[in-house]
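Look at the two complexes coming up: chain A is in both, with chain B in one and chain C in the other.
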Partner chain A sequence: MKKILGIDDNADINELLDTILNGSGHEFIYVKSGIEGLKLIREKKFDIVLLDLAMPEFSGFDVINSLVKEGLLTKQKIILFTASSVLDSEIEDLIKKGIHSCIRKPVDVDFLLEKLEQVQV
Partner chain B sequence: MTCTNSTRSYDQIMNRIVTIALSITMIFLSESLYFGNQALAALSNVSDNCPVFSIKYGCDLSGWLHLIFDGLIAAFLGLFFHHLAHKQGLKLKKIVEEHDAMEKRRREFAIQSLKNHFTTLLFSMSLINKLEPMYASDTKNRDNIKDQINRNYEIISRVIDDIKNLLLFLNDVLEPQIINDVNQLCQTIDQGYVKDVNKQLRLIDYTETKNKINGLCKTFDELHHAVGPVQELFPRISSNSPSNNRTLKKLNYQEIALYCRRILKKLDSSK
Partner chain C sequence: MFSIVIIAAVLSTSYISFKSLESAVIDSQLQQMGHEVEVKANLIDNLNSRASEDLLFAVKNPIFVKYFELPDTKAGNIYKNNVLQFTPQQRILKNELDQWIYNFQNKFSIDETCLIDKTGQEHTRLVMKKIAPDSDLSSEESASPFFKPSFQKNINEVYLEYPYVSPDTGRWVFAYTTPIVLNDGSKPAFYHFEIPLKAFQDITKVDEGRAYVIDSGGYLVADSSHVYNQSLNSAPFGQSPKDFFPSISTISTSPEFNEDIRTMLASNNSTNISHVTYSGDGELHYIVFKRLPMFDWILAYEKPYSLMMSGNYNMHNLALTLFVISLGVIAGGLIAIYVLSDRITRPIIDFARKCRDQDVSNLQRINPIGKDKEINQVIYAFNDMMERVNAIEKQKEEFASMVTHELKSPLTPIIGWCQTLKNPKLIGQLNSKQLNAVDVIQRNAKRLLQLVGDILDVQKLDLNRMKFDSQSIDVDELLNYMYNNLQNVMDQKNIKQINSTKEQLTVRSDRNRIEQVLNNLILNAVDFVPSEGGKIEYGAQSKGDEVIFYVKDNGTGISPEKQKNLFHKFYQIDTSVTRKHGGSGLGLAISKGIIESLGGKIWIESELGSGASFYFTIPKDRTKTAMSEKVMDIKETAK
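Let's turn to the complex of A and B:
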C-alpha cells in the first residue's frame, strides 16, 4: 500500500483516481490546486505525488520550482501526470532536477497501476 | 500592467509627434521649393548670361536644376513613405505574431483538453469494464454496482458532450482529420451505451476505444509537432529492477465495490 497525493485541477480525473487507487489498496488523497498540493507536501510525507503540470494560477512547474527552492524536491517521489505538450528534453531537465518520472495522459488504469507499483518506496 | 500601458501610450504619442513633424517638414520643403521656383521664374527677366546651375534673380531655373530639386523632393517623400510603410509593416508583423501565438495556445489547449477527456473516458470505461463481472455474479449488491456503473456512464456522457463542445469552439485550430476521428470515437462510445436486458449489460468495447484513442494521440503527435511522442519515461527503473519481477497488484473489484458503497453511504447520509 502506498500513500499517494494527486495534484490535478481536473475534478473527474481526481474522482476516478480516488475510486481506482483507494479501491486497489492504496491510500490516495487529492487536491485541486498547486498551492494546496505544495502545502500538503510540506506538511506530510507521501510515497508518490502525481503532479499535473497545466493548472491555473499555480502550475505544476511552480510547485516544482518552489520545492527546488526549499530543497524538498529530492525528498519526494514526484511523478508528472500530464497532458501538456512537454518535450522529452524538458522532462529530462526536470528529472535532473529531481523529478522521479513522467506519465503522459491518456493512460489506462492498468498501465497507471503497473507504473505506480514499479515505484520503489 | 498600468506601467506597461502608460509606456505604450507615451511611445504612441511620441511616434505621432514625430510623424506629424516629419509631415509638416516634408510639406514645407516641397511647397517652398515649388513656390520659390515659381516665384523666381515669374520675376525673371531671362538673360543669355544665366549659367546652367545658377539660382539668382532674373534667371529661370534650368531643366537640370528642376531635375535635382524634383529628385530631392522624391527622395524625401520616398524616405517618408518608407518610414510609414516600415511602421505599418512592424504593426502588421506584431499582429500576425500575436495571432500565431494565440492560435498555438488555443491548439495546445485543445489537445491538452482532449487528452484529459480521453484519460477520463479510459478510467471510467475501465471501471465499468471491471465492475461488469461483479454485476453478473454479486446478486446481493447488484443495485449498488449498477448505480456505480451508471454513475460512470454519466461521467462518460458528460465528457463526450464536453468533447463535442470543444470540437465546435476550437475547430479552427484542429486538423479536419483529428475532428473526424474524434467524432467517430464519440459515436462509437455513444453507440455502446449500457443496457440492462435480462440482467445482462451490454458494454462499450473498451479495447477498441482504447486503440482508437491511442491512434488519435499518435495523429496529434504527427500533425502537431510541438507535442512530444506519446511515451512514458521511467528512467530510474532499469529493466533488471527487482520491482519489475514482482507480481503486479491488480484492482481488487471487491474492494472497489466496498469503496463505492462507502461513497454512496456518505452521499446518502449527506442528503
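Let's turn to the complex of A and C:
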C-alpha cells in the first residue's frame, strides 16, 4: 500500500488511475494542475508522485524546476507520467536531478502496477 | 538566346540596307536608262524633223518653181521609149536642178531623190550617185497610190512613208514627200526622198544592254543586238518586213515578256517614259520604253539585273562594308552578352543556388547579391515570400502536431479503461460477450495509437524535427530483449525466430529508434512468412565503423520492381496484407528516415520465391559521425 499523488489535467486519466490504484490497495489522490500539485507536494509526503508533463499554464517541467529551486525534488519519488516524446537521455538527466523514473502513456495497466510495486519506499 | 537575336538583328539590318541601296541603284539606273531613251527619242525626232526641214528647204529652191512653170514642162507628156524627152529649155533647168539635188543628197544621208508630177511622170531621179536615166536604175515608179497622200498635204507639210524596200537601192528606207506648190497654189508635182533605215538603226545603238524599236507587227525595226543586212535585197517591194526584221521573240518568249509587249503597245496614248520588268535567263530584266509618234513604234531599252548592278562600285563597297560591320557588331554583341550575362546571369545563378541550398524546414533570408537593383528586388520579394511561407509552415506544423497530439491523448484513457474493464478485481466481472466487445475496442484503439504514432514520426522526419538520443546500447541485450517481447507473437503464428548474433557489440545511438526499426522489419516479416514452417532470423554483426543489422525471412520475396518503391511513403506490397497487419504503409519510410538520420543506410536483398533480407547499418558512434558531419558542413560553408 502506497500513498500516491496524481498530477494531471486529464480528468479521465485521473479517474482511471483512481479506479486502478485505489482498487489495487493503494491510497491515491489527484489534482488537476501543476500549481495544486506543487502545493500538496510541499505540504505532505507521498510515496510516489505521478507527474504529467504537458499541462496548461503550469507544466510538469515548471513543477520540477520549482522543486529543484526549493530543494524538495529529492524528498519525493517523482515518476513522470507522460505522452510527450522525451528522450531517454533527457530522462536520465532528470533522474540525475532527482526524478525517480518515467512511465510513458498510454500505459499497460499491469505494467503500471508492477512499476509502482517495484518502487522502494 | 541573346546572341541569336543580335545576329538576326544585324543580318536583317544589313539585308534591309543592302536592299534599300539596291532599289536606289535600280531606281537611278532606270532613271539613267530613261534619260538614254529620251535622248534617242529626241535623235529620232530630230532625224525626222531635220529630214522634213531639209525637204522643205529643198522645195523652196526657186528652180523647182521655175522648172514646173516652164511652158515646156506644163505641156508635158513627151515620151519616147518610155523615157521622158526633155526640151532644151527644160534640160538647162533640169541640169541645174539635178546638180543641186546631187549636192543636197550628198550633204545629207539620203539614198534617193525623185521629182514626180501628178500624172506620175518622173522628171528627175538621183539614186546614190547616179542620175536617171541610167541603165542601172529602174525605169519608173508607180505614182499612185504610193504618193497619193503627198498631194493631200498642204505647203510646208511633209508626208512620212512607212518603211519599204527601195527598188533602186534594195534597202529598207523611210520616204519623205512634199508637194511642189506654185504661185497660183497648184501642186503640179511632189518631191520625194528616201533615207535608209540604217540611219534610224544607228540611233538605237547602245554601249550596254539592248535597245530596240518594236513595230506593232511584232518585229524589231531597229535592234542594237541585231546586225541588219544593208546590202541589196533581191525582192524589192514584195519583201515582208517579217522576213527582214528580227521578231520580238528573239528577246524573250516568256509569257511575262509578252504581257510586257502588250502593255507597251497599249501605251499608245502616252509618250511618257515608263518601265516594265520580266524574268528571263534566270534574272530580272528591266525595260524602259517610250512610244514614238511615228508609226506608233515603241522605243525600248532593256538591261538585265546583273548589268544594272555591274560596275556599281557602291553596291560592292556596301556589301563589303556591311559584311565587315555585321561581323563587328556580332562580335561586339557577343562580348556585350558575355559581359552582361556575367553581370545578370551570375547573380541569378548564385541566387538559384542559395535557394536550392535552403533548408526547407527552416527557410532563411537571402542576402542581396551584387549591385544589380532588379535582381535584389527579386531577392527582397523572395525573402518576403519566404517569411510568409515560414509563418504558414509554422502554423501548419503547430496545427498538425497539435492535432496528432490531441488524437493521441484520448487513447490513454480508452486503452486504460479497456484494461480496467477486463480486470475483475477493479470494477467487477464482465460476461464473455462484454469482454469480447472490450477486446475489440482495445485492439482498435491500439491500432489507432500506432497510426497516430507513425504519422507523428513521419511528420517529424519530414521536418527534421525528430530528436535522436545518443546513448550506449548493448546490442546483444537489445536483441535478447526484443526476442523475449516477440516470442508471444511468434508462438501465436508458429514462427521460428532466431537471433544469430555472434559477437558482443556496443553502439552509441538511439536505442528506442533502433528498436522501432527492428520491430518494424520483424513484424513485417511475420506477415510474409508461410503459415507453416515460417522462419525469421535476425541479428547484428560488426563491419568497420558500423554495425550491420539484418532481418531475414523465408517468405515469398519481393520483386525488383516492388523493391524500388518499398521505402516510399504509403507504399504497400499488398493491401490485403496491410489490412491483416494493420500497418499505415509508413513503417519502411519511417525506418529509412530514422536509419538515415542516425547516419546509416537501409536496403533490401530479395528474389521472388526465396525470401527477403533487410539490412541496415548503424555507425558505432553516432556522436562521432555527427561531429564529422558538422566539421564537413563547416568546411563546405567555408568554401
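In this section, the second predicted complex is superposed on the first by the 121 of 121 C-alpha atoms of A that agree within 3 Å, B and C clash if a C-alpha of one lies under 4 Å from a C-alpha of the other, contacts with A are read in each partner's own complex, and residues count from 1 in each chain.
Please note the rule applied: a residue touches a chain if its C-beta (ideal position, glycine included) is under 8 Å from a C-beta of that chain, and two chains touch if they have at least 3 such contacts.
Keep in mind that this is a model prediction, so the values were computed, not measured.
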Handout entry: Clash-or-fit label for the pair chain B, chain C on chain A
Key = clash
Problem - Contacts of A:I13 with chain B and chain C, given as first, second, both or neither - result: both
Handout entry: chain B versus chain C as contact partner of A:A83, first or second or both or neither
Key = both
Handout entry: First, second, both or neither for A:H100, with chain B first and chain C second
Key = first
Exercise for the section: Would you sort A:L40 into first (chain B), second (chain C), both or neither based on which partner it touches? Expected result: neither
Handout entry: chain B versus chain C as contact partner of A:I29, first or second or both or neither
Key = neither
Problem - chain A residues touched by each partner, larger count belonging to chain B or chain C - result: B
Exercise for the section: Using the superposition on chain A described above, determine whether A:L72 touches chain B (first), chain C (second), both, or neither. Expected result: neither
Handout entry: Intersection of chain A interface sets (partners chain B, chain C)
Key = 10, 12-13, 15-16, 19-20, 23-24, 54, 83, 85, 87-88, 105-110
Exercise for the section: Over in the complex, which chain A residues touch chain B? Could you list them? Expected result: 10, 12-13, 15-17, 19-20, 22-25, 54, 83-88, 91, 95, 100-111, 113-115, 117-120
Fill in the blank from the handout: Touching chain C in the complex, chain A uses residues 10, 12-13, 15-16, 19-20, 23-24, 54, 83, 85, 87-89, 92, 105-110
Fill in the blank from the handout: Interface with chain A, chain B side, in the complex: residues 108, 111-113, 115-116, 118-124, 126-127, 130, 155, 158-159, 210, 213, 217, 224, 226-237, 241, 243-244, 246, 248-252, 255-256, 259-260, 263
Handout entry: Sites on chain C touched by chain A in the complex
Key = 405, 408-417, 419-420, 423, 425-427, 449, 456, 467-471, 510-512
